[in-house]
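Let me begin by handing over the structure; questions about it come next.
Read from first to last, the chains carry the letters A, B, C, D and E; within each, the first residue is number 1.
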């Protein structure tokens, strides 16, 4: 009853493609949202360029309302929205939406913690030159924190590779789902090993790329 | 820690599927009046309770049907045996959009469970409903790979068993235990086709109390397994499943035979 | 024009308050180069940072180009700031941009088109002597190189007002002179108002027209550079000036002079113009005295000569006395006694 | 049949206790390990005080071998170890072990990305004073990065609150497990809402504490 | 003792190489105060950072206290470093420790017991005048205050060697003088070797015994401060010295002097001792000339007087010529022509 590897390989290849698509898609959208929220966190912080207690508190609460919710429950909770946005609540694409929400909020926190270590002097210098908040965000905050930011996003990427297994819950594909349903649930160690090795290779690749880029942008 | 000895003082650890929640509280009460100190360990996941049983971390588990148990025994080369039956309930094919199986259009999507035992059952439901054909002799653990004929070109989506009721809105047809459908608030009239749980085909899907082989004669454990047949518990379970599930009493002999058969498949 | 009107800036809150700037009123006229000096921690940087509202005043009004800046809108403030170039004490370069990128940054903010930007950056790079560092990142630069990038960046958009916090502190004397000449040039040619802090009195001497002296958050003295230098009122000011005027003999040397020279030692203080009369030789001939110039200096200050010399008058006491009396009619004369360790003993 | 709240509250209170124990215990142990590994990452980095390509690469690969593995599979994979160490593979304490592994490696990455933004000058100053690597770690690296580090650990804490639900699926209990078993699996929205509200309150509390501490140590 | 033996330091790799220090050989004797001057980017900081191996030399040997430092073990290196105090150009204070914590830090590393540590910190705080800032964090300090914390920190463990990178650049003249006096004191009392970089020539003048001039990575001149000041060999050195000697008239003023004064203008250069003879008045009387002292200064340099004066000689051309000839026997005399914009025109 173990899988027949001759027919199983194509399935793995397909799943690899699904994982990559899920991770990249989630990462792209979540980065945009997450970096946005993270920046908002930072700029509305006490003593910062757009100091705003109300906005900061609202964001802070919002993010922390979503983050502790177990993913499966989040998935169910947002399913009406998923249906509206993606047309369905099942399948790989339907998993991307709740994954994106979870990842966005995680990224927001990572971005926030990376931004606080920017030297306040350079922000001041930009302000003194008349830069508006948007300019400060794009020309100072992001570039100055790029090294650690990339490491942070790499962290999230590897987490997403792990996380993408959750897609299986709603009938989505991907290597993680295969590892779960063909390996774990069927007690088939060979499938587990193969899929996880591929997941690990993916993660290593992402990490190498992240390390390389962060070193490049860190200039240190 | 656990013990194989049937001692009244001893704590008996019973691993259960948390989905059946309140019934177990009643069982604990009943056990207490019999002088058995029963501890319920709720497990959301379905894979670990058997490992835990094999390793002696729990004494009995009651979350799986024979089909599932047989698969575990085979794959892990384990020897867990049933000492009593618990619940059973029909599983049906539900739809919110259609009233007849025949109305299901070409290319429609169908939601089934992704765990091996339930997937096999769901596929066999689809087969008996005349929607697909499965490979000959596929047994009860068929997978989507075993579909040999799919005249309506149905798109079969396998997902978590708890997710099939939730996907109902997005699919033409969804395989759901009637008991769960009740809890999920699905109109029982939406069932287009259901199996008979107590037929020969249904027997593999009778939930059982399982123990390690060496404990099969443990009186305390046996007692626990029979306590479920208490009328009060039976009633409670019926209520919990909106009448869709029931506690059954299948003889241990039948259970063992069925398990044997399944393991040889 | 920059005007401080009773400005106070307090850091921290109850118990831990630091009054960095206290009730300062000061007017810097359009087109002038105004210097601020004072002890470390006197509040100079804070005062400067109030000009473009990097710090908000706790009390008082600050008027820049006819506008009370603490009441203007954010948009107006940004517009104003873009017209104020600032050189920071700690440089504050963007570590993610190379030298060219840092200098181009304000031009980018001002939306100057790429080709013009490149042209201007090249021009500035040439000026600050960093053509060969164009692609280097701040951490690959020496202290002075970073400071020069900061200067170039502040000048990039040809601002109306330039505020410089120790703009040449990390520079060698020659580079400093070049930078000062540039500042003078931009000040003249474009009528840029320059407000600068410095610890180097020769910077004040060579480019400022007016100067304010800060102590403990307050402006204790302000005025024309020549007046302040030639007639300092406070002890602080005198000490500062003496550091550049070289009019301050070490006690040891003074003792040696007294020991080795039998004559009377006097300090002659020259101010505006007087120095260009041959008084010493005339008095020497008239009274048949000998003058021995031992120490001191005569400087150029705002196109005037100014300074003091310590001289030994060799002759009989009575003749020396007469000669000193005649000298007193032309220049200020002070007798240098025992150990004159500080200018303040003389001037006090 | 929905739960009977009169009898359900004690269960929730008990679960809250379990969650808190799981999260705090995991956080404590994982912080020690994670900060340790994160520091090793940083100090063995190219150009750093204990530059060592081999150690860096080994750690890098090790961490990325573990992180992409779906948690449930990790849990199964380490269960023999869990049994040896904790005496059992089920229950709250048994859940702590695999959670600690996962959290340690996540913390290691967070720590690494926070350390890279320390000004190299202060490390140099300590070196110039003759500080040895251990002294540099404890007197420079950790204190200088403490603000962002605390934010990073807060991030992990909130993630652990979410994560403890997954660990709960193996009998570990906790609010997440209740949300899953009584809420999700039994389609009881009231249970889901109550447990999740409590989880959110926990997360908010952790976040407020984290924000407060980070601001305190950031001195900015 | 610190000895550089053909030391070269190159940053970056192929194509992008920066040769910060080139083939430098230099010996700093035990107990001396040695100054390094040079243009911004000349390689001074890099040279300094080689002393405690914050930078590793690309070629060459560096010997500190009889040991070739690039070959010693890590433990020995740390021990050596703990005996070398360093003041950084950019302060490098620990932002997570307050003023007291920063100063106590090296003492903590050296495992000095708490009570002794507190005592020492208090003493140092008093010395650098930061008693009231003891609990402040670096970002709450002014530039000069940060620098003073850096100085106190470097002195905390009473090191054998002190290396200072622009240790007084952010300080006002009076505080600078105090710090310099302290350095002189520790140097004398504890025989501490001090290697310092500065842009302020008066720092060199007031505390260094020897000085090296760097240009473009190389040491182009080195020697006794008096010799270098009174007889600079290279153009760079001359320019640096002129910045402090005030012997450099602006072309505009010179033109004015020439216009306003009919007489002949000469520069008299006094070196060691000569200045304490009443030559000017003697010559004036002898030739019945008038001297008009217009500009210049006479300084104290390592207990000697040294300087130059620009004087107008008023008299008939032939008498002036004779007088100048006699003056030439006593002091160096140069005629000051048209526009003398730079000292190098005169001395070259």
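Keep this in mind: a contact is a pair of C-beta atoms (placed from the backbone, for glycine too) under 8 Å apart; a residue touches a chain by one contact, two chains touch by 3 or more.
In this text, all values refer to a predicted model and were calculated from it rather than measured experimentally.
Shared contact partners of subunit B and subunit C, listed by label, are A. By the document's definition of touch, common neighbours of subunit A and subunit B comprise D.
Centroids built from CA atoms put subunit E at 56 Å from subunit A. One inter-chain figure worth recording: subunit B and subunit D are separated by 36 Å, centre to centre, where each centre is the mean of the chain's CA atoms. Across the assembly, subunit C contributes 90, 139 as residues in contact with two or more other chains.
Within subunit D, contacts with two or more other chains are made by residues 72, 76, 119-120, 180, 184, 220.
Residues of subunit B in contact with two or more other chains: 47.
Those chain pairs judged to touch are A-B, A-C, A-D, B-D, C-E, D-E.
The residues of subunit B lying in touch with subunit D in their complex are 1, 15, 17-19, 21-22, 25, 41-45, 47-48, 51-52, 55, 57-58, 162, 165, 180, 183-185, 236, 239-240. Put simply, subunit C touches subunit E in their complex at residues 11-12, 18, 37-42, 44-46, 89-90, 140-145, 147-148, 165-166, 169-177, 199-202, 236, 239-240, 243-244, 246, 249-250, 252-253, 256-257, 260-261, 275-278, 280-282, 284-285, 288-300, 303, 305, 307, 309, 312, 314.
Every residue of subunit A that touches subunit B in the complex is listed here, in rising order: 1, 7, 72, 76, 79, 83, 88-91, 168-171, 177, 181, 184-188.
The touching residues of subunit B, when paired with subunit A in their complex, are 46-47, 71-72, 74-76, 109, 111, 114-116, 141, 145, 157-160, 163, 166-167, 169-171.
Those residues of subunit A lying in contact with subunit C across their complex are 119, 121-122, 124-132, 135, 139-140, 143-144, 146, 217, 219-220.
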